[in-house]
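Order as written gives the chain letters A, B, C and D; numbering starts at 1 within each chain.
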Amino acid sequence: MKNIKGFVILASLLLLFLSVGTLSGQEIAIKAGTILPISDAPIENSTILIKDRKIAAIGQNIAVDADARVIDASGKYVMPGMIDSQSRLFVIDNELNERRSIAPELNILDGLDPYIKEAPEVAAQGVTAVYITPGSRSLIGGSGAVLKLNGSKDVGKMLLKDNIAVKAAIGVSSNNQSSSLGRLANYSSIREALLETKIYMHNKEKHDREQAKYNKKKAEYDKKKEARPTEKVEKPKRPARFRPNPTREVLAKVLSKEIPLQIEVHRVTDILNALRLADEFGFKLILDKCTEGYLIAEEIARSKSPVILGPVSSSFADMPRLEYRHHDIRNAAILSGKGVKLALGVSGRDGASSKFVALAAAIAVANGMDRDMALRAVTLTPAEILGVADRIGSLQVGKDADIVILSGHPLDSLSQVEMVLIEGKTVFERKDQQ
Amino acid sequence: MSISFCLTSSGSESQSLAIRASKIWTITDGVITNGVIIINEGKIQSVGENIEIPEGIRVLDMSDKDVMPGMIDAHCHIGLSLDIFSEMDETVAAVAADMLILDAFNPYSDDVKKALSCGVTTIMLAPGNRNPVGGLPAVLKLDISKANDWVLVRAAGVEFSVMNEALMFDREPTSRAGLMDLIREELDKAKEDKDDGFNPTRDILKRVVVANKTAYIWARNVDEIASAMAIVDEYELKAVLVTAEQGDEIADMIAERNLPVIYPPLLLSSRDKDLKRAGKMANSGIKIAFASLTPRTDLHDLRTSAILAAKYGLDTETALKSLTINAAEILGVADRLGSISEGKDADLVILNGDPLQLTSSIEMVLINGNIVYQRQEE
Amino acid sequence: MRIHVILLTFLLLVSAFVAPGRAEVTVIKAGKILTMSGEPITDGVILVEDGKIAEIGTGIEIPEEAVVIDAGKSVVTPGFVDASAPAPVRGDLNEQSGEITPTLRISDALDPQSKTLKRVVQMGVTTLFVSPGPQNVIGGLGVVVKPSGKIPQQMIVKDEAALRIVMDLDATQGNRIPRYQSPTNFYYRRPGTRMAIIWMLRKSFFDAQRQADSEQIEDPNLAILSAALNDEIPIHVNARRAIVIRAALKVADEYGLKLIFQECTEGYKVAKQLAEKKIPVVLGPFYYYPGNMGQYREGRKVNWNNAGILAKAGVKVALSSGEQSGAIDMLTAAAFAVRHGMDRDEALKAITITPAEILGVAERVGSLEKGKDADIVILSGDPLDVTTRVEKVILNGKTVYQ
Amino acid sequence: MKSRSHITFVSILLIVFITGSITDAAPVRKKLAVEAGRIITIVGKDIKNGVILIEDGTIKAVGTDVEIPWDAFVIEAKDRVVMPGFVMAHTSSGLDRENENMPEVPFISTFDSIDPISTFFEDSLRDGIVAMLVLPGNNTLLGGTGTIVKPCGRTVEAMLIKRYTGLKISLRPSGNTSRMGHMQRFRRYISDLKDYLEDYEQRKADAKEEKKPFDEEIDVTKQSMVDLSNKKLTAFIYCDRAADVPKAIEIQKTHGLNTVLVLSPDCYKAVGLIAKSKLPVVLDSQLIIWETNEQTNEEEMKVIPMIFHKAGVKFAFQTDTSQYGRRYLWYQAATAVKYGMKRQEALKSITLYPAQFIGVDNRLGSIETGKEATILFLTGDPLDGQSWVDQVMIAGEIVYERAKDERLKKLLEPPLEIQEPKDTD
């Protein structure tokens, strides 16, 4: 008997990920005990209504279709899916970098393998989206993307948004094969790249102007020709062809504030350098890792640039030792205390460790971070920093129905994830409550 | 609050002290709500619900806090040389039996303060796993302010390692078979017990094969554990398995030899399968204690290991025990540590919540009744 | 608690996978039983009681409580025996600290979780001989195991089954200078030439003999060698080229050693001598051409019919995977041996009873006889047909693969 | 007429090559009739005791009721099984080196690198392979163009069936590039190519406008890629792991290429995508891989051809020299049959399908009227391990006879007795 039951559990556990049965037609109503919308205060005993993959309504008494699928989560906690903003899930044998120091045109999507086994486990811990960037071995490593863990085997179907930010790293990469230069050289060669980009942009504009001029002249010339074919008119000269350079194109986007530059920095000096760069070139900056940030919290707060902090505890990763010598577990608490816009990432040893997002938040709380801020730092804040807040990060009408149902408060270490929905589709369900 | 007051007069041991707490996790006999602990001469004099506090005794009012015994890290490598790179293996020779890890320990290193802030009051300072015979671990109390008795056990048992980590390409042995061969050879020599003058290695190994001191054997995977058990059987050793992560695969055999297991930090593994192992082993009757293996992981995450294990199927009671009394028993210091009960050392951790909640932070740590750490709000 | 249930289920499932039916008696009915000891039995019955074969033949009455496995028309053979199997060991097989390491026992390093074991058993291999790595002149003691059991102690059929000697150039590999020692001393380094290999061999046996003569046993290594000297432990010699085989024979004559040859790629050239000396051989996989025969290209003069020629000359021939993982399955080995001219029955024996005899475990495995272990393979058809697949593997009376 | 004499010449050469003496050269005949015990036509049912009528190296008629013309030379094969020669749609053997070091060399051709006397070709003929597409290896992004050859002849020209067919694209990052960098490099190359072509067209237009003669050729280093884009060449895209398959399909779609997927075993995970894309597939020579089941922790056997077969994907086998069976096409097919593949399908995927993939199915791949008389005479069933290729006929000429295969003799027969040297000591 037990055996059979167990089998059912097992089967369901496995199958649920594979089931791609889209529920788009049907309504789903979640009758929740406590809703943590993150965007605003918790709501007791009310209903979340899901219509074609989006949240249609949240409230006490909502009209629900007769045929709607009703999920009873009374006495349970309901929250938006969590986001690991420092994940390496899907990355093929941890190969995060091209062995070049300036390679912004790379796209992390080319390096991902959707067929890995770990993804379902991560989703089962309430993590519905991961942000993956190239690694820290190149000074400028390429652009990152946010993927949803909806169990699809097609990167395209998982992709929420790519070209989110260009990943750079100061200091960390200085001791590896991509460049044998020291810190200052790192710093300067990034500057150089950006300066060259400026020149490039200038040339491009120039060329465009000339092209436009030429087009005009050509038009006139053609008209003349038509009018009097015999008459001798000298033909306007076509400007030389302009070869677009992918590397520069990407950095141009950064300089024109289309996409931010995400710089991995650990030491105080590097953080300050990063801030200085941002001032000099006026691009949108995201501070990554930010190990020693707590030492200059005010400066960071003043610069208004957001931080993706991680790992909260040094246990999560084997970080480059020297970079991490002054790692402090209170880092997150201090930064957010000073009002820095802060997202918490796991940045674990491997892909699967993305499941520890809630754990990271809890550790941050234990060391003085505000509970709500911590929760926000693994849901809404990363969504905002990564520019996907219109889709995910909180429970609000109109957003994707990426919803996690837990037996207890997400920061309660022993509470279990009961169910995970991504765009209304159940990707995980705990089947075996006694 | 009252802490500020008591700080002024903290330090001297002679004074006795009373702690009023909302929850006292005694570990050995349940949880006492709104209880009182009376400390005298650094020992716990009495603990219970309604004990009247003697006149004129200093009172720590922690009536909104929880109290648990100081946590014991069953295996770590803190305070060795530089604060980040630690020297734990003497890898020149494969057999380094007579190496005293205590000789490398710096009691004033930051790690020690860090440990206290994490609620760890006692550690087993151990050599690493890169020598087949690794040396002599020590059990230390982190109360270095008083030089009285912070070294509980100077040389506790002997460390062995049958892991692949103990193999080096340029040192004998280079294969697991060769490693076992070597260990046997050494133990045989020790067993022969013939007196040929000064031979520290032999004398120390005698402690294990003759005097029945504990052998701490590093073994992670099933085959390594099997080799360890083979040695244990052949020489009838009193042994402890260190980082026997895959032990659950052969839990029954470990249990029937009742070998305790010092379990590695759970944060080193990320797959569900591995996270469940600790629970499985404990449930099949193996006594486990957690270790932080610092600097592999942060000392703070000693508690995280227990909590994660609990989340993945270890029952909460055992989880707490494996941070305290189990460790104390495995390290052979249970007569003084590991629980809050009359006569034991007053090594206490005061948290602002359930010890098995990651979110509850450590407010204060006492060793022998002295406040050795106190959390500052910034 | 929840996790309990799942765990429990997993365990149940696993166990269900490993051992269905706790019943004492199992009965296998088959259209054709190739016993390897006697004539094939048609429409026979095998009666298995707690892991052993209780009855075999036709017209055996079946106890009603028995679990019946009806193999229908398909063919039943004994579990295959790989007399030179890839070692299920994590990490380095070779002890690099010395080239004469007889006391080394590979059984100390066996990994029960090894994937290779789980794979070969699905190819019908139920007994394997595993020996230390090939980079020592005298490598140590090999062990005969079955791919079942949670710890090595449970797997072992026969420990210290044979002493491994390597006379091929593999033994010149892995030159490593021990820490803080200069390479000046000859004995620190591996032999660089075959001369040195053979020299070392001679020397160590010479020492062993001398120690044996001078009553008191000092060095355990030499103790094992002298045990080998008076035939208490069989000796497996890796020799590919004909001249090496001859050299080995010479050393054997000098010390009166009993040899068993491994690999033996050019064995066909010395078939006569081998037959005269009654030396059995365990052949590795046949090589198509030197391009794919290991780093030394030893035994370049391949003959596909090596097995056939040796067998015809009267040598006891076993076919093996030649320590190559990637599970070259024994059936294919036999099928190709036959394709190239080996006798059918010889070929089938060469993957079952012959290796069992060579390893000295024939009283337990290798053929289907009363009282032997119930290691049984059920095939979909003629074992030598390449389109025949292994349908069921029974190990010690338990179905381990289906 | 010309071609026939040419073939004769080749076959003579070949027989010289194999047997080492010219006397055995088979006489060249106009009309042949093969009386076979069994004919495996691949396309239709097998024919018992059938006759194949051959004229000028092409099949004129097949069947039981074919009456043999008086002037036809009759080949007795009553005790033989006759079937079309095997075809291999992708191999990198027979080259002195498989790969160029530079990542983008679409302009090089295996034609210049094929080594006619490499044993590989001799072996292939012995094993019944009559045509193979030799492509560069899997380590270069744009590896170069391929050559279809038959495994007989002492010069590449003599072996040649079709030159300049197929271009190798490998999605496996080589050297020390990452996957990201690899794909980026590919895109970069394509965009550069586009730019170049635009310029080229532009210049052409200008010349036209100014009535100047325009005789500029397209850059030779780019020609092959141009031919690829306008379907003169087929792209053979190698996918190293499942994650590469979507990329390959995307490339195929965006540039509208004729594509054959060359798959590593891992790609079975993407079988759904592949089936949907309807692209032809060449499987890796490793047909069986093992995977550890996450739950039970048991090893599970994955039979690659079965997975693709079930998904309804058309595929061809290839060989390698690593292990026993893997080096025989018939064995690869047999393995598939062993695990439940339909016999007919299995046979097709070593004859007809590969022929289709490399575009020689008008000549090879089956025994039909009008096709080239390229057939094998087997001693038994092709999927039986104990049967041998007894004779190979290519375009009506017997090019291989087992009886005269000296090397095979050497490989199978015992050597002469050697006198043991006397020990003097």
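Odds and ends about this structure:
Simple rule for what comes next: a contact is a pair of C-beta atoms (placed from the backbone, for glycine too) under 8 Å apart; a residue touches a chain by one contact, two chains touch by 3 or more.
Quick caveat: nothing in here was measured; it's all calculated off a predicted structure.
Note on connectivity: the fewest steps through touching chains from chain B to chain D is 2.
For chain D, the chain whose average C-alpha position is most distant is B.
Each chain gets one centre point, the mean of its Cα atoms, and the points for chain A and chain C are 54 Å apart. We define each chain's centre as the mean of its Cα atoms; on that basis chain A and chain B are separated by 40 Å. Chain B and chain C have Cα centroids separated by 46 Å.
Counting only residues that touch two or more partner chains, chain A has 10, 416. Counting partners per residue, chain B has no residue that reaches two or more other chains.
Residue positions 10, 13 of chain C are each in touch with at least two other chains. Contacts from chain C toward chain B in the complex involve residues 3-4, 7, 89-98, 101, 103-106, 108-113, 132-133, 140, 150-153, 176-180, 220.
Considering their complex, residues 83-85, 265, 267-268, 270-272, 296-298, 300-301, 304, 307-308, 310-311, 316, 356-361, 377-378 of chain B touch chain A.
Against chain B, the residues of chain A that register as touching in their complex are 118, 121, 124, 313-316, 321-322, 325, 329-330, 333-334, 337, 348-353, 355-356, 359, 362-363, 365-368, 371, 411-414, 416.
Of all residues in chain A, those touching chain D in their complex are 10, 14, 92, 95-100, 103, 105-108, 110-115, 117, 134, 142, 153-156, 241, 243, 246. Within the complex formed with chain C, the residues of chain D that make contact are 119, 123, 290, 292, 295-299, 301, 321-325, 327, 331, 334-335, 337-339, 383-386, 410-415, 417-418, 420, 423.
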